[in-house]
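Order of writing sets the chain letters: A, B, C and D. Residues in each chain are counted from 1.
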């Protein structure tokens, strides 16, 4: 549609809004209200925009409009060298950046057939799982904020702060980590850090019952999540949802379990699932996952001392390293689901093509179908239960 | 029985959950606060040192105001964001005696011995506003002349405040009362005030 | 005769001025308490920078609000848009008139005091409706619709609960209701009307749009609901009115169920103040603990629980009085 | 790999999950992608990703499918000519593909017919630049880029993966 025709429709039918709003309104029924939720709406977590067609407070149709935070990471990947692309991976998902770090370096290692030292694998597991805790805590607080409770996010951040303090030691930063390297990790874990983790685990374990008492058991919260946003396993299949969203619909699928990468096959942990298929299922799965993550952490910290090798392989790839030609697909489990990176190399210094498969993207794509016929307040609840990180959706 | 459970016992249980919530927040209300009043109180924690801020140069052990850097440009070329600029020193102009010796050597057809440039850089500029703190430069440095600083209170009033002359920074670190840097800093402060 | 009218008039004017000061003061104190309370629940100090322990923060915030530009959105109905906040705030002053703060401290003793309060409190929903409608904003409109549905729904059980008290006391005069109760807690109406008290309290949350029933302005759903488009003192008046309504509702609750100014040892305004503020703190505490309910749930609670309970309470009261 | 037993494929190659992450690479003709997707839907697969690789021979569209319980990753691949980068949409079967396809349109300019909402998704609505399309000179032969693994079956005339050996012979 050229800009002229856009203008004409506006003049004739007096339909306001930009291209997407008009495009959406073409399919509207009579006597309905078109609402722009976002890009500056408190519960769209940043700059997601959802156009809603509502009848009263019931949503008839929804269409997410993306791209307000699009940075074209895939193009940047084709310009930078293999090594230089790593910092980008810290910026895709601010909630769980280490999973993206891992997906990328894992894909490159697979491509080049690089073996990572055992100790580095342990460090990766420990930092990544800590980061998963931080990610779930962030989701928990923000979700409760969406549902109108202000206090939980501050309790969550109290704990999250302790995790960030720990993660700051090996990574140097507190939010956008880029500490994984092709062939290992940037910095080793020192004694103090390991001790901090050991101290943290029991403290956090004691906090979980408080979370349950304050929020999970609360009748108002339960009424807000139970039966909201039904996603049958068929919906999960058709939209390719993954992570807690899939597990909340009773699909026992966790990349760490079903397609074990690194050393995850050595740990004893459960993959929590809920059969309720609703926001409550996704909520409970994440809460239980925090407890399971603590279990993995305990085992990993114990295994760290016995692990062989350093934190990075000898003769690790340098910034001017050339990857062999070929392609590799590598998937890891992030806090939101399956993070996939497809790298294609023509044997030169820079990647030929990098495809980033983000879980939030697939999870959000189901929103339009799931939100049909629900109340606006429920739409907020569904959006929150999908645990969206907008930079990851837009990449 | 089921109807009684659903219509009477369950609502009572549900109501009780509300009281439990009040109890939790009430308990935290009585507990000590966990935040600090920043300007009056600061956290004195060893952990703050683990924060990796912008990079800085490491001086030679014997003369701390001269960096170990050998101007090899590894950091500048491997930086993903291109925020480092290292300029090599130019070879000094030969002194009259050296010039004479060079001319003689040239006349004899021998190998000319030009005075070599010192290895340490003439300028080392960092544009911190572009930096993504990935640490690549620190890792690739062959002589370990770069490290992370750990000033968590770094602030600036304009983009230009984050363009650092790392050589000057090293000098002022080596000699705390270095007049040049102080003057420049003062100029910066007044600039900020005017702007 | 004329002197009598003049004294009466003078008294009323003084009372109105005092009430204005009282409303303003209450808003300041409550805002401060709310923020401090929220801060401590969340394990942070709350406002701390302006004045000792941040005590002057609400005053400064008020000044800031006054200094802001008054913006009228494009396409808004200008008259209604600015009428709404005034309509929301002015009736509040009247609500304070019949409340007995102390044995002699009453703006104007009237036989139908409680009726006056309930009648004029209805103005607020009109104001919210106008605000949402006139601001030509879709979120505002949704908020306005919610506000009206909520106010209409919650007024009924509240009225029924009040009727229960009226039955046992046989009067609608707030001063008389107070004096009929004794000094000690077991002599208060709450003992006779425990169910009525609970219904009244829950309805009070709904009437004042406080969390967990703050749906008309639920910011995570409707950005800010009916006051999305208001800036400066337009917003400030809504804000003041909200806190004033809180005070009124808690005062009425104190009078009806908790013995008003009566208390152990010496009766007086201090008892009234202490009880009112205890209820206000409960409201604040609840707000910082719970998530928000959904709109249909809000109405369900009302029609399916509060209304039957209130009716049952009324019938039971009538039955026992007949006995 | 019984799914594609009676299906008309161009080439089936058994990949290695440890080295490339994909178990099966299936090359299809352009017109068969919808049927193939339907087949996979009924076999319980879910869609992971749709993305394109711009190679010398044309635009290669990859459809990645995975199974929640069997743990078998299948990559359907369709090669499109650079002159006519159009393919049928599979959004009718896997609704999640709608966004992936729109993204592919954004980045590579691939048109998906029958996609219910074929407008730009991530790039601005008016944008007609496709940032990941490579300059013709920079395109590399797909045989060099792909690591498909052992070829199990191959239709006649399909020589996309064989070029390497031919070049070596020359």
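Here are a few things to note about the model shown:
Heads up, the rule we're going with is that a residue touches a chain if its C-beta (ideal position, glycine included) is under 8 Å from a C-beta of that chain, and two chains touch if they have at least 3 such contacts.
Since this is a predicted model, take the numbers as computed values, not measurements.
Hopping across touching chains, the smallest step count from chain B to chain C is 1.
One inter-chain figure worth recording: chain C and chain D are separated by 64 Å, centre to centre, where each centre is the mean of the chain's CA atoms.
Once the centre of each chain is set as its mean CA position, chain A and chain C turn out to be 43 Å apart.
If you average the Cα atoms of chain A and of chain B, the two centres end up 29 Å apart. We define each chain's centre as the mean of its Cα atoms; on that basis chain A and chain D are separated by 25 Å. Looking at chain B, one finds that residues 18, 21, 24-25, 28, 34 touch two or more other chains. Under the contact definition stated at the top, the residues of chain C that touch 2 or more other chains are 41-44, 288-290.
Looking at chain A, one finds that residues 151, 155, 158, 214-215, 218, 220 touch two or more other chains. If you draw each protein chain as a dot and join the dots that touch, the picture is not a line, a loop, a star, or fully joined; it has some other shape. The chain pairs satisfying the stated touch condition come to A-B, A-C, A-D, B-C. By the touch criterion stated above, chain A contacts chain B in their complex at residues 80-81, 83-88, 90-91, 151, 155, 158, 165, 168-169, 171-174, 176, 178-179, 181, 186, 210, 213-215, 217-220, 318-320. Put simply, chain D touches chain A in their complex at residues 17-22, 41, 44-49, 51, 53-54, 62, 64, 68-69, 71, 73, 75, 93-96, 98-99, 107, 117, 119-126, 131-132, 140, 144-147.
Those residues of chain C that touch chain B in the complex are listed here as 37, 39-45, 48, 285-286, 288-290. Residues 3, 18-20, 23, 63, 66-67, 70, 72, 74-75, 78, 107, 110, 113, 236-241, 246, 251-253, 258-259, 325-331, 338, 340, 342, 344-347, 352-353, 355, 357, 361-362, 365-366, 369, 394-395 of chain A are the ones that touch chain D when the two sit in their complex. The touching residues of chain B, counted against chain C in their complex, run 18, 21-22, 24-26, 28-29, 31-35, 37.
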